[in-house]
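Right after this note come the structures.
Two complexes come next, and they have one chain in common, subunit A, joined by subunit B in the first and subunit C in the second.
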Partner chain A sequence: MQRETLIWTAVMVLGGLVLLVHAVRVGNGRVYVREVTVADVKSGPVVHYKGVPPSLHNEADVSLSVPRTIGMWIAALCTLGIMSFVLGDNPLYKLMESIFVGVSAGYLMVAAFWDEIVQNLLKGLVPGPMRDSFLPGLEEGLNPDLTYLAPLAMSVMMLWRLSPKGAWIARWPLAFFIGATAGFRLVSYLEADFTQQINNTILPLIVYTADKSFDVWGTIRNVLIVGGVLLGLVYFFFSVPHRGVVGGLARGGVWLLMITFGASFGYTVMGRIALLADRLQFLFDDWLWLIDPTMQRVGM
Partner chain B sequence: MYEFLKNLDRRWIFLLILLAVAIPILGEWQFPEKPSPMVQSVFDAIENLPAGSDIWMAYDYDPGSQGELHPMALAFTRQCAFKRHKMYFMTLWPQGPPMIQKNIELLIKEFPDLEYGVDYVNLGYRPGYEGPIKLAVIDLRKTIAADVDGKSLDDLPMTRDFKNIQEVDLIVNVSAGYPGTKEWVLYASTSYNIPTVAGCTGVQAPYLYPYVPQQLDGLLGAIKGAAEYEFLLLEAYPSLRENPKAQEALRRMGPQLLAHLVLIGLIVAGNVIYFVGRSRGDV
Partner chain C sequence: MKRTVPMVIAAVTGFVLIVSYFIPLTEEWGSIAMQWFNVLAAIAFVLGGSNLMRMNLQKISDRRPGWGYAAVTLIAFLVTLCVGLLKVGVQPTESFPTNAWAAPYNQEGSFLWWLYEYMYKPLQATMFALLAFFIASAAFRAFRAKNPESIALLATAFIVLMGRTYVGGLMRDVLPASLEWLSFDSMTNYIMSVFNLAGMRAITIGIALGVASTSLKVLLGVDRSYLGAGDE
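Let's look at the complex of A and B:
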């Protein structure tokens, strides 16, 4: 066995033992629930289990939820498994990655069936049976909307892609989707991202406050916005060689782009640290019970 | 020293970042915030509306981005609840419904006097990316006929006479990507002049700032924006000081501070190593 593998194996075994001892001593990672009756129907009461803070575990109607406790431990171990990638690619990471991809694909498939096929297509084509079965909230007396036959036909044509023969049939609905989406977006992009953005850049270069005094920071801000847009445009204007004055302005545009990328990188770092902090807080608070910032376990 | 740093195993850097994030969490470090004008404008957009205004809560995020966005979503919900605004929750993300449910649970627990269907409604997930926005700004019932439990909108007091999103006083969007703030700006706020505020992930923030202030009334950029927003909320509603759950983003700024200091140190060290290496002819 390689030295590195031996060290990591020892670290993992030791970590596991520490977790086990901690779990036995503290009883962390347990989830408690309270039984709540939400409705009474002929077949009996409909009961939901609502999660409660562990500090209430001694109350009469509160009990330990084994499935949710198992779920908590699986979530924690999945988090550790995914984080193990920082040590290098390993079987545990691969397993967690596969579980994540599978669960996501399954979730999206079920969501697409209920929210797109049932809610949109079947509701439009057969509203009566849908009202009697899956969509009791549908208003009564709705007539079938035959225009939904068109998306149905196009969906079937799209599936032809899987057939060994006639795969070209799928190109027709695809062409329709691409054309429709392009047309759909064109107007909005022209309005919001083009004309309105030009409008946003038409600013006074000397700013006065409401009491007619000179606003230094307002003026600097507007000059930076207008100047920044012009310098950026000069950099992307390739019909004139970037020499002399134009070259100098283009260089200013490059500097502005670099500052923008730097700001973007800074924001990305902040985002990634926030995600790591969220997972660590889950591990330390919900799972290991090392901290209690939201007072969930007061008195335990 | 130069040779040691030049050949440093990247796993030591991972460990350093892990400690920089873990120590403030374990120590429950918290720092005071100074709200920026941008965050103040988001806060004012909700606060200055008359009580009982209609707010469209478009929560387009998922569990993967909840570390950045969930605290600000909860803060938006709390402020609207304090102001007794009417909230219409909806998401364009398939993984968004559990996120909305957590906001609904907050309302049930912290504002038990608010009534479902009268003060807030959960319209759930709508598939079709930006399609539902385009439809709902013209005719809500073309894309949403019932709430998340299948109850007809005609049977709920707050949606019975509600025609389309143009009737709302403000759109509040929490965005993790596509579809999100950009789509709400493109298809609702710009086209129909509907006041909109948003909170977004750090990755999106630089690309959404150009929409402020004409097309967006304000923008909360990632967890820093959320922390400043929570600070304003605590100032306006001191009863929240007793509620540690209302200070989630503020607590997250401890790890941010230390991790950023470590990163700045690493960037400086990396550059020093590069220039030393260049002067030695190694690069």
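Let's look at the complex of A and C:
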């Protein structure tokens, strides 16, 4: 065994032991639920379990949830597994990555089935059987909406791609998809991102305050915004060579874009740091019970 | 037939959606097209899922390096799919107490909810959180203050980074009132609301024009790349 592997194995075993001792002593990572009876039918009461803070564990209708406690430990393992990539690519990270790919693909397919295929396609085509099964809230006497035969036919054509012959048939629904995306994006981008941004940039270049006195900072701000947008647009305008006056303006655009990229970079990094802080809070608060910033375990 | 019909379908669909914005009578056409679009997008997930299965099964059957991880992906995918489609662990709701199928598929306490809450969410959040390290390390390697523009980028990034931390606000206590604008958080606010705003607006306008022209090229049949090469 390599020296590095040996050291890491020792660290992992030691860490596991510390965790075990801590879990036995403190009982961390436990999740409690409250039993809520939502209805009483012939076959018995319908009970839902809602998560509650551990500080309420002594209340009568609150009990320890074994599946959620196991889930909490698995979530911690998943978090640590992904974080282990900081030390380099390793089998635990690869395992977590594989699970993530599988679970996310499965979850998206399930969501697409229940939210779109059932709620949209099947509801439109066979409202009666849907009312008797998945959608009992549907009003009675709804007639099938035959316009849904078109997406049904296109769906079959799209799935034809999986067949070894005639894969070109899938181009028809794909063309619909592309056309719809193009049509929708063309208008929405022109409306929200083009006209709206221009509209927001039409600002007074001399600003007065409410008491009619000259607002220096407001004026500078507006001049910088209007001038900045124009400089940026000049830089993106490639139909004219960037020489002479246009070149000078484009250079100003480069400066503005550099500042924008710097700000976006700093903002993105801090966003990720906030996510990291959230994961650390999960580990130290929800799992290990070492900190309690949200007062979930007061009196325990 | 193989290329002309798809081009006509794309053009008709796109222009119907555009027209529906401007003529109130055709508004419903637009919403119907969007409903069809959503159904097709859901069906596309089936294609994606089958591709995922095919690729991973191929890897397992060929015993290629890392086939064990492919098996894990496959198992995770199939388990999630089964528990989600069969609504395992979903309890009836107050509105329909005798019909569990009517309850939401991601109801609290269901198996799918468990998978989402204790696997999908921590894995996804931690992956994004890790990006903090990688962005920082990539920036450390790539960013060099070799000309005034890159110095502007670095200085802005530094100010915004500091301005979003506890230190950013601390400077306010040290600086006199007249120089408060020099504190990191004040400078960050100014950068974000003036320079960043102007830069992002120019970029957004450029993107909008790009999207509009690309969409027109597709609808008018100038760009046919989505049809692929060849007849088949």
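By our rule, the second predicted complex is superposed on the first by the 295 of 300 C-alpha atoms of A that agree within 3 Å, B and C clash if a C-alpha of one lies under 4 Å from a C-alpha of the other, contacts with A are read in each partner's own complex, and residues count from 1 in each chain.
Assume a contact is a pair of C-beta atoms (placed from the backbone, for glycine too) under 8 Å apart; a residue touches a chain by one contact, two chains touch by 3 or more.
Note that the coordinates shown come from a computational prediction; the quantities given were computed from them, not determined experimentally.
With both structures placed on the common chain, the touch criterion links A:116 to subunit B and to subunit C. Of the two partner chains placed around the shared chain by superposition, subunit B and subunit C are both touched by A:189. Contacts of A:139 after superposition: subunit B is touched, whereas subunit C is not reached.
Of the two partner chains placed by superposition, only subunit C is touched by A:233; subunit B is not. By the touch criterion stated above, A:291 is placed in contact with subunit B alone, subunit C being left untouched.
When both complexes are overlaid on chain A, the residue A:273 reaches subunit B and subunit C alike. By the document's definition of touching, of the two partners only subunit C reaches A:105; subunit B does not. Of the two partner chains placed by superposition, A:17 touches none, neither subunit B nor subunit C.
Looking at the shared chain after the overlay, A:206 reaches neither subunit B nor subunit C.
The wider contact with subunit A, measured as residues touched, comes from C rather than the other of subunit B and subunit C. In the superposition on chain A, the residues of subunit A contacted by subunit B and by subunit C overlap at 86, 107-108, 111-112, 115-116, 120, 135-137, 184-185, 189, 192-193, 197, 200, 260, 263-264, 267-270, 273, 275-276, 278-279. Residues of subunit A touching subunit B in their complex: 86-87, 107-108, 111-112, 115-116, 119-120, 123, 135-139, 184-185, 188-189, 191-193, 196-197, 199-200, 260, 263-264, 267-271, 273-281, 284, 290-291, 293-295.
Residue ranges of subunit B in contact with subunit A, taken from their complex: 11, 14, 17-18, 21-22, 25-26, 28, 64-68, 94-95, 125-128, 134, 145-147, 149-152, 154-155, 185-187, 190-191, 201-203, 205-206, 210-211, 214-215, 221-224, 244-245, 251-252, 255-256, 259-260, 263.
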